[in-house]
Amino acid sequence: MEGIVLEYIEHPKLKDPIFVEGLPGVGSVGKIAIEHLIAELKPRKFAEIYSKYFPPQVMVDQNGRVKMFTNELYFLKRKGKPDIIFLSGDTQAITPDGQYELSEFIVDFVEKLGAKAIYTLGGYNVGKLVEKARVFGAGTSEKLMAEAQKLGVIFKGDEPGGGIAGASGLILAFAERRKIPSLCLLGETSGFFVDPKGAEATLAALVKLIDVDINLKELEERAKQVEKITQRLHEFEDTLGKQAPSKKEDLSYFG
Amino acid sequence: MEGIVLEYIEHPKLKDPIFVEGLPGVGSVGKIAIEHLIAELKPRKFAEIYSKYFPPQVMVDQNGRVKMFTNELYFLKRKGKPDIIFLSGDTQAITPDGQYELSEFIVDFVEKLGAKAIYTLGGYNVGKLVEKARVFGAGTSEKLMAEAQKLGVIFKGDEPGGGIAGASGLILAFAERRKIPSLCLLGETSGFFVDPKGAEATLAALVKLIDVDINLKELEERAKQVEKITQRLHEFEDTLGKQAPSKKEDLSYFG
Amino acid sequence: MEGIVLEYIEHPKLKDPIFVEGLPGVGSVGKIAIEHLIAELKPRKFAEIYSKYFPPQVMVDQNGRVKMFTNELYFLKRKGKPDIIFLSGDTQAITPDGQYELSEFIVDFVEKLGAKAIYTLGGYNVGKLVEKARVFGAGTSEKLMAEAQKLGVIFKGDEPGGGIAGASGLILAFAERRKIPSLCLLGETSGFFVDPKGAEATLAALVKLIDVDINLKELEERAKQVEKITQRLHEFEDTLGKQAPSKKEDLSYFG
Amino acid sequence: MEGIVLEYIEHPKLKDPIFVEGLPGVGSVGKIAIEHLIAELKPRKFAEIYSKYFPPQVMVDQNGRVKMFTNELYFLKRKGKPDIIFLSGDTQAITPDGQYELSEFIVDFVEKLGAKAIYTLGGYNVGKLVEKARVFGAGTSEKLMAEAQKLGVIFKGDEPGGGIAGASGLILAFAERRKIPSLCLLGETSGFFVDPKGAEATLAALVKLIDVDINLKELEERAKQVEKITQRLHEFEDTLGKQAPSKKEDLSYFG
């Protein structure tokens, strides 16, 4: 099989789209943020990605239906503003070379769709409980970085500890190679558990940068729902843990 | 070499075949079940698969003859009913990407043979001794799932713990991509040892779903034989363990 | 790069050659045996193999000259008897798929050279000190197995513990696929240390099977030299251990 | 993606160039040495390499700018002397096959640029604090080895412990296959920490071998700066450690 397979649901025509990525990682910050964006903005799913770099297993939903691990692409048409592409998903690649392959694949794909800016969302693990989550930034474009800085996003080399692991970092690296301005927002998180605070802080900055209007207060409510889902996810991981002991470490791998 | 090599023994012409997979995994449930089906129904072997994704070693039988790790394909012609293809084998792929490669390879292969439905068999590890094994199900087809549910197969999202690792799960994922109705049956097992109870319960449901008539009571007898073989298999694994310490974990990897 | 590179030194024309393999593995039995054969029979080196499946490092000899990890092929022309090809080397492949790739590569290569029989040499780890080493066998040819049995080689399924890891086993598996009669001889070894006893016992059987005349008593002397070399090899491995901790386990991987 | 991507900044025409490699490894000796050479000689960067064999993450500089892991190539034109190509970088390949791929890629590349000699720089871990660092050598050319020996470089088989792991060793192995004279210099280091002493001793020999004039006394000053940078690097690694626990071991892998 191809290492990465993309299946179209439809072929949208997009106008100068912005691309926003949020995949599972540290504190699930990126995933919670993108899930909330998708729930609020209701973009349309237009493509699915699956890959042999994903975990070798399937998920089963409440009704017993099998679901392959996928990443999903959504689009949102907007009047008078750039369209938006969202990338959400169940997992990141679980091997180092898979991480490179998928990040390049994604950047090449959104470049073909005409992407004019790329935002990636992730968590920054501070290893202790966080009262008010700060947002740290990194980027490849002075303009995007300056815009974020005005909104309170913190740019300094020693935090995010000098590096960003996984897709949120590598997508920026490939964006720079393809000359697409890009920015990574990392919401502070204890890293102990799924953390809606970091996601909320990250979204507070992002919505201004990409000019969308969403109800952030609902996130707290949703956070509680997410917490329940997460609880189940953890039980699921525990079960997997019995079957595939290396699995859990894989999921804790990303930044 | 090709990652996966299939060698034909003969080229059967099959009528709307059903495909049934049972490979080593949790509690050896899938393997015991398929071995029993093959012993009872006496289908004919028509192809062998070997792969660089299998463990890098060979087996030696009682007479000192070397046997490569393989998966084997069997067919059963039936009058007035769909023919059946069985997949049995010594191992699953031992790497994540190998799991994807082999599962897709198998689904593509049976699709070419005209498969109209796919059943995969596995174990569901409950981590404690089981008096009467239940059977949990997951699937990609409402029809197959409804049929199974009538036979007492349990469908609920939190068991099989939300996920199925290895071939039994991934074959369903690819079946769905190829629009072939598919169902996974997971027999409850303590996971402590090879467990004929889970296999028996799984087969009790399967024989009705695929409409075959086999002596299930013999399974208990066979289970005792299997237990002896398993004993030897474990000693073999212990020996391998000395040579290849990572081996044992690999075998405990699958669902 | 190609996964495996073979560089010819010369292109010998061989008459119905026998192929004998001995690579590092359990108790270094195979390697000691082949080294002794090469020292006694003085075959000519005609090709070298290197591979990205080998350990990512080089060796340095007493004079500070760098040596890439290689496998080497030698040939011996004989009058009125089949010619012989020998395979010796510094290492086996260190990944599972690399093991398959190299074993198939080697069998394909000697098949092209017209190989009529294949012998692989290895150790059988009994985990305790051995007074008089027995030789265990496994094969793909009734004829070769019967010949070996007459010489006292033991064929029974529960020893060599049901399985042979690494090149000595996989070469037989591919030999069978190519219809080349093949036999594996495994000299008993404590596995605690490099063990010339197992090699001596293995050679005692092999020389009769392939009809060569060598001084086996010298092996004891050579064994002492080998022990010194091994001592250095172990110090080398200890040094590597500091740099590449996974290295040592890799070398203990093979059968 | 290609496993390895080289992007040109410019296409220099070079006269019989010498190639000098220094990448992160034991005690950072090779990296410190090459960084000092580059700082002193101010060669021009003409190409960058990135690879899916590198760690799956990005670095972030003091200003929050993302930097992909790369290796960089520099050239220095000289009058009446051979030109020089330098290879510096953030990392080595993190997989065994990646090590082979990258080392061959680099040797092929500098061969095309006409390289007449290859020098690789690394550390030799003695596992204890070193008062005055010795320099150990290994090579593929009697001439280069003799020149180094006159400068006090030590050639003996039992140090560098018989082997060199990673790029510094494999580049020599491929250089020999391409018939390019090559030499590896390994500066003694405690291995406990980044060690400018080993780099200083290595450079003291190298500058004479490649006939350059640099201020070695400044290295001590620079060493102190490097120590600060290293401090940050270690904090960065600690952070990565939380996200990617396997990362640190990877970096300690090379020789």
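Assorted remarks:
Chains: A, B, C and D, in written order; residue numbering restarts at 1 for each.
Heads up, the rule we're going with is that a residue touches a chain if its C-beta (ideal position, glycine included) is under 8 Å from a C-beta of that chain, and two chains touch if they have at least 3 such contacts.
Here the structure is a predicted model, which is why all the values come from computation and not from measurement.
With contact taken as defined at the outset, there is no chain that touches chain C as well as chain D.
Think of each touching pair as a link: the shortest run of links from chain B to chain D has 2 of them. Annotation: the chain A:chain D pair of sequence copies touches via predominantly different residues, less than half of the used numbers being shared.
Relative orientation of chain A with respect to chain B corresponds to a rotation of 90°, obtained by superposing CA atoms and rounded to a multiple of 5. When chain centres are defined as mean Cα coordinates, A lies farthest from chain C. Spacing of chain B relative to chain C, judged by their CA centroids, is 36 angstrom. Separating the CA-averaged centres of chain A and chain C is a span of 51 Å. Shared contact sites, meaning residues of chain A that touch two or more other chains, are absent. A complete list of chain pairs in contact reads A-B, A-D, B-C, C-D.
Within the complex, the chain A residues that touch chain D are 26, 93, 96-97, 99-101, 104, 125, 127, 137-140, 145, 155-158, 160-166, 169-170, 172-173, 176-177, 182, 184, 191, 249, 252-255. Interface residues of chain B facing chain C in the complex, by the touch rule stated above, are 1, 3, 7, 50-68, 94-95, 98, 232-233, 235-236, 238-240, 242-245, 247.
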